[in-house]
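In what follows, structures are represented as C-alpha cells.
Here come two complexes built around chain A, the first alongside chain B, the second alongside chain C.
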Partner chain A sequence: MTLLVLSLFSVALTLLGFFVSVPLFKRFTILGLSLALLSLLLTWGKPFALGPYHVDGISQVFTLLALLGALWTVGLVRSGRFEFYLLVLYATLGMHLLASTQNLILMLVALEALSLPLYALATWRRGEGLEAALKYFLLGALAAAFFLYGTALHYGATGNLLAGTPGEGPLYALALGLLLVGLGFKVALAPFHFWTPDVYQGSPTPVVLFMATGVKAAAFAALLRVAAPGVPDALALLVAFSVLLGNLAALGQKEAKRLLAYSSIAHAGYMALALYTGNATALGFYLLTYVLATGLAFAVLSEVSPDRVPLERLKGLFHRDPLLGLGLFVASLSLLGLPPLAGFWGKYLVFTEAAKAGQWGLLVLALITSAVSAYYYLALGLAVFQKGAAEAHPRPLARGVALGVALLLILLGLIPGAVLPALAAG
Partner chain B sequence: MVILAILLPILFGLLLLLGLPRALGVLGAGLSFLLNLYLFLTHPGGTAHPVTLPLLPGVGVYWAFGLDGLSALFFLTIGLTVFLGALVAQVEGRFLGLALLMSGLLLGLFAARDLLVFYLFFEATLIPALLMLFFYGGEGRVRALYTFLLFTLAGSLPMLAAVLAAKALGGSPSFLLEDLLAHPVKGGAALWVFLGFALAFAIKTPLFPLHAWLPPFHQENHPSGLADALGTLYKVGVFAFFRFAIPLAPEGFSELQGLLLFLAAISALYGAWVAFSAKDFKTLLAYAGVSHMGVAALGTFSGTPEGALGGLYLLAASGVYTGGLFLLAGRLYERLHTLEIGRFRGLSAPAPALSALALFLFLAMVGLPGLSGFPGELMTLLGAYKQSPWLTAMAFLSVIAGAAYALTAFQKVFWEEGTQKTEDLKGAEWPFAALAVAALVLMGVFPGFFVKGLKPLAEAFAKILGGGA
Partner chain C sequence: MSYLYASVLLFALGVYGVLTRRTAILVFLSIELMLNAANLSLVGFARAFGLEGQVAALMVIAIAAAEVAVGLGLIVAIFRQRESTAVDDLSELRG
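The block that comes next holds the complex of A and B.
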C-alpha cells in the first residue's frame, strides 16, 4: 500500500511538476506523503509480502519515522523550485524500500534510491554547499561499494542474498563487516562519519533535518536486519568511537548545525547499542525521540536562518520568540536525555538492551560520554535565554509545530508506556 | 494523597512560570506546607498512601509512591522550608515558580518507591536548580552552573548503569523497592553496583573530595537565599544511601564501609575548618553544610540503628536550619547589600529581634541541646562511636569547631560595637521568625515524636547490614 502510494505520487508528480505552480506542487507532495502515512497507519500491525518487498514490524516503525521526517522537511522548506519536493518524495520512497526488504540487492538499490536525491538536495545552496555535497557523494559512493562488496561476499559465504542468514567462517565475518561499514556511513557511525559535520553545516537546514531523521531511521532498519544473526565484534569499536568522538568533538563547536552533526554521530553510537539484542522496539522508540528532538532543533534553526547559525546568533531567541526559544531548550534537554523528557526513556531503553547483552563496558562508556554531552547541549539550550539580538521570522505554523513537538517530548517523557505497545505491535 | 502533595507545588510552580503574581506562589507554598503537615501528623506508620501506576510495566517500571516515616518527615521539612522561603524571599514570581517546581520534584524524590522513578526525580530536580542559578545567579554563574551540572551528571549517569545492574544482576522482576530489596545484588558485582550508586550519592551528600561544586553553587546563587535553601534540600545523598544504595547492595557497602566512614569524618572536619576562615555568609554556610553532612553520613555509614536514625534526623533538621540561615543571609543582604561577614557590625542594637532569630538559627546549627540540631548529632555520634571510636572523635572535633565558627560569625555580625543602622524584623519576616523558631524548638524538644516513624526503618536497615556482612 505505502509503496504503491509513494511510487504513484512520485511518478505522477514528476510529470505534473512542469504544469502546476510551485505552492500547489508543495501541497500535492504533502498530500502524497500524508496518504502514505495514512496507508501505513491503516495497515499497522499487518504484515504483507510481495516478492522481496516485505512489510513487517521493523518496516512499519521505521517508515513511519522516515515519513515524519519527510513531511516536516517539506513543510519547513521555502523553495521556489518544484524539484526540491520531488527529490524528497523520491528519497522517501527509497527509505521505505530500504526498511522493507531483507534482500541485499534490493537494499542496495534502495540505498542508492534514497542517496541520489539527497546528493542533489545537499547542493541546493551553491558555493560551500557544493563542496559538502561532493564530499557526501564521494563517500556515499564508497559506502555503496562497500555494501555491494559485502553483498557479494555474503552470497559467497552463505549462498544466499537474504540479510540475516546465519553463517560462519572468516568470509562471512568479512561480509557482515563490509555491510556494516556501508550502512555505518549512512547513519554516521564513527569512523565513517567524516562527511557529517561538513554536510550538515553546508546543506540547507531543512535538508539536514531530513538527513538526520529519515536517513538514520531507514538505515537503522537495514542494520537491524543485517545484524539479526549476531553482531560482529567490530561493532563495539564503532560504538565506542562514535560516542567518544561525537561527544568530544561537539564540545568545541561554535556553530549550531555542526554541533548537532557531532551530536548525531554520538546518537548513532547510542542507537547501535540496541543492535546487540536486535530489539526493534527499543531502537524505534529511541529514534522516535531522536527524530522529534533533533527535528525540532533543526526546525528552530531553520526559522532563525537557512544558513549557518553560530551559537552567538541564538542568544536572545527566547525574548524574541518565546515558543521557538523554549522549543530549542526542550529539544536540547531531550537530546541530552534528562528526565522527564522523552529522550531519557530512549536512552534508558537502549541502555537496557546493552545491559541485557552484557556489554557493561560499552554501557559505562556511553553513560560517561552522556555526562560529557551535557556541556554542549546546555550551551545550545541556554543560549536562547542569554542576552542578545537573535533574529527570527517564524511563520505561525512553525511556531505551532515547535510548541506541539515540545509538548510531545514532555508528554512522551511522562507516559512513554502509551506508545511502546503500538511500536511493538507494528 | 501523595500524588496530590507532589503535584500541588508543581502546579503552582507552572502557573507562576506562566506569569501569575507572586502572592499565588506564597499561597501555593502555604497549602503545600499544610498538606504535608497533615500527611505527617496523620501518618499511621508503615508505608501509607501507596500508589502504583504502570509507567513501563513491560520492563518493570511503575509510578510507585508511598509515604513511610522517613518520607513523611522530609515532606514536612521540605514543605516548611519552602514556605519559609516563599514568605520572606523578595523575588519575582517566576523565581518562586521555579522554587515550587523544584520542591514538588523533591517531594517526588522522597516518596518514590521505585528505583527508576527515584532516578527520574533525582535528575529532573536538576533542571529547576540549574534554571534558578542561570536566570538569577551572580557574575560567575555560568562557571558555577557547569561545575554543578558536570559533577551531578558525572555521578548520576554512572548511577543509571548501577540502576540497570541492580535489577539485572539481582534478578528482581521490577524496579519496585520491595522487589529489589528481596533480590539484593550478591557476589563480586555488588561492589560495582554499589560504587555506581555511591559516586552519585557521595557527590550529592556532598562528601570530601567531591564537594567542589557546592561552594560556587551557593556563592553564585541569588542573594535572597531561596535557591540556596532549595539547594540545601537537594542534598539528598545521605537519604539515598540509606534508602537505596546500601540496602540494594549490602555486600558492596561492607567492602567500602571503612573508606566511606573515613571520608565522612574528613568531610566533617574539613568543612568545619574551611567554614572557620570563610569571609562571607554563603561560603560559611556552604562549608558548614559539608561539615554537617559529613556527620550525618558518618552516622548512616556506621550501620547502627542509632547512627542511621541520627544521620537522617540531622539531614531533615539541617534542611530547616541551614535553609533558614540562607534565607536570613538574604534578609541581611537586602538591608545592607553585602554578604561579607566583616562588613556587618553590631546589628543587635538596631535590630534586636532579627538578632534573636539569628541566634536561634546559629545555635540550632551548633547543636545546642533543646534545638533541632542536637538530637540528630547526638544519636549520630553515639551510633558511630560503636563502629569506630577514632573517626567519631574526629567528627566530634568538627562539632566543637562548629561552635567556634558559627558563634564567631554571630558575634562579629551582631554583637561587636558598631554604628550600622538597619531595620528590625518587619512584615512577613515576623511569621517567618515565629515559624522557624517553633520548628527549631519542637524538633529539639520532642525528637521522639518526629522519629517514631523512622525507628523501624533504621532497625530494618541495620538488620540488612547485620545479615549481609
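The block that comes next holds the complex of A and C.
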C-alpha cells in the first residue's frame, strides 16, 4: 500500500509540477507523504509480500522514521521550485523500498533511488553546496560500487541474490565485508565517514535533516537484513572507530551543523552496537529517539539560518525566542542521553543489550565516549541561554512542531514503555 | 574461475584509480570501472547459477546510466563555477 501511494504520487506529481503553483505543489507533496504515513499505520503489524517486495516489522518501523523525516523536511523548507519537493518524494520512495526488500539488486536500485535525489538536493545552495554535493556524489557512487561488488560475490558464494542467505568460505566473508562497507558509507560509520561533516555543513539545513533521519533509518534497515544470518566481526571495529572518532572530533567544533555531523557519526556507532548485539527492537527505539532529537536540532538551526550556524550565532536564542531555544536545549540533552529524556532510554536499551551479549570492551568504550560527549552537547545546548544577539524568524507552525517534538522527547523519556510493544510488534 | 580473476583485477584497478586520480571525471570513470567489474563477475557466476545474474547485470547498466546523468551534471556545474574539476580544489569546507 505504502509503495503504491508513494509511487503513484511521485509519478503524478512529476507531471503536475509543470501546471500548478509551487505552494499548491507543496501541499500535494505533504498530502502524498501523509497518505503514505496513514496507509503505513493502517497496516501496522500486518506483513505483506509481493515478489521481492516484503513489508514486515523492520520495514514498517524504519519506513515510519523515513516518512517522518521527509514530512519534516518538506514542512520546513521554503523553496521557490517544485523540484525540491519532488526530489524529497522520490528519495522517500527509495527509502521505503530499501527497507522493504531482501533482494540485493533491488536494494541497490533503492539505494540509488534514494541517493540520486539527495545528490541533487545537496546542491540546492550553489557554491559550497556544489562542493558538498560532489564529495557526497563521488563517495556515494564509490559506496554503491562496493555494495554491488559485494552483491556479485554474494551471488557467487551462495547462488542467489537474497540478503541473509547463510553461507561460508572466504568468498562469502568478503562479500559480507563489501556489503558492510557500502552500507557503512551510507550510515556514516567511521572509517567511512569522511563525507559527513563537509556534506552536512555545505548542504541546506532542511536537506541535512532529511539525510540525518531518513537515510540513516533506511540504510540501517538494509544493514539489519544483510547482517541477519550472523553479524560479521568487523562490525565491532566499525563501532569502536565510530564512537571514538565521532565523539572526539566533535569536541573541537565551533559550527553547529558540523558538530551535529560528528555527533551523527557517533550515534551511528551506538546504533551499530545495537545491531552487533543483534537486537532490532533496541535499534528501532534508539533510531526513533535519535531521529526526533537530531531532527529537532536541525529544525531549530534551519529557523536560525539556512546557512552555516557558528555556535556564536546561537547565543541569546532563548531570550529571542524561548520555544526554539528550549527545543534546541532539549534536543541536545536527549542526544547526550540525559534522563529523563527519550535519548537516555535509547542508550540504556542498547547498553544493557550489549552487556547481555557480553560485549564488555565495546560497552566500556561506548560508556566512556558517551560521557565525553557531554562536553559538546552541553556547549550546544547551553549556548542558547547565554547573552548574545541571536536572530530567528520562525513561522508559527515551525515553533508548534518544535514544541510538540520537545514534549514528545520528554514524554517518551517518562514512559518509554508506551512505544516499545508497537516497535516490537511492527 | 578466470572470470572472477579478471573481475577482481578490474575492480582493483578501479579502486587504484579512485585513490590516485585527482580530477573528478577520472575518479568517476574509475568508479564505473568498478561497477563493470561487478557486472563481469555477475555474468560469470550466472554460468553456474542460472539467468538471475545476467538480469542483474542489465539492471546495473541502467543504474550506472542514471548515476552518470546526475554525476556528469554535477561535474559540469562545478566546472562552470571554478574552471577546474580537480578534487584537491574542493577544500572550502574544512574544520
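The criterion applied here is as follows: the second predicted complex is superposed on the first by the 425 of 426 C-alpha atoms of A that agree within 3 Å, B and C clash if a C-alpha of one lies under 4 Å from a C-alpha of the other, contacts with A are read in each partner's own complex, and residues count from 1 in each chain.
What we mean here is this: a contact is a pair of C-beta atoms (placed from the backbone, for glycine too) under 8 Å apart; a residue touches a chain by one contact, two chains touch by 3 or more.
Because the structure is predicted, anything quoted here is derived from the model rather than measured.
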Joint occupancy of chain A by chain B and chain C, clash or fit: fit
Which of chain B and chain C A:Leu134 touches, first, second, both or neither: second
Partner chain in contact with A:Ala374 - chain B first, chain C second, else both or neither: first
Superposition-derived comparison: chain B or chain C, residues of chain A touched: C
Partner chain in contact with A:Glu83 - chain B first, chain C second, else both or neither: neither
Chain C, chain A and chain B - angle at the middle CA centre, rounded to the nearest 10 degrees: 140
Chain B versus chain C as contact partner of A:Lys254, first or second or both or neither: second
First, second, both or neither for A:Glu312, with chain B first and chain C second: neither
Least Cα gap, in Å, left between chain B and chain C after the two complexes are fitted on chain A: 23
On chain A, positions contacted by chain B and by chain C: none
Interface residues, chain A side, partner chain B - complex: 333, 338-340, 344-345, 348-349, 351-352, 355-356, 360, 363-364, 367-368, 370-371, 374-375, 378, 382, 385, 415-417, 420
Residues of chain C that touch chain A when the two form their complex: 4, 7, 11, 14, 18, 24, 27-28, 31, 34-35, 37-39, 41-42, 44-45, 48-49, 52-53, 56, 59-60, 63, 66-67, 70-71, 74-75, 77-78, 81, 87, 90, 92-95
Touch list for chain B against partner chain A, complex: 54-59, 116, 119-121, 123-124, 126-127, 130, 134-135, 145-146, 149-150, 153-154, 156-158, 160-161, 164-165, 168
Interface residues, chain A side, partner chain C - complex: 105, 108-109, 112, 116, 119-120, 123, 126-128, 130-135, 137-138, 141-142, 144-146, 148-149, 151-153, 155-156, 159-161, 197-198, 201-202, 253-255, 258
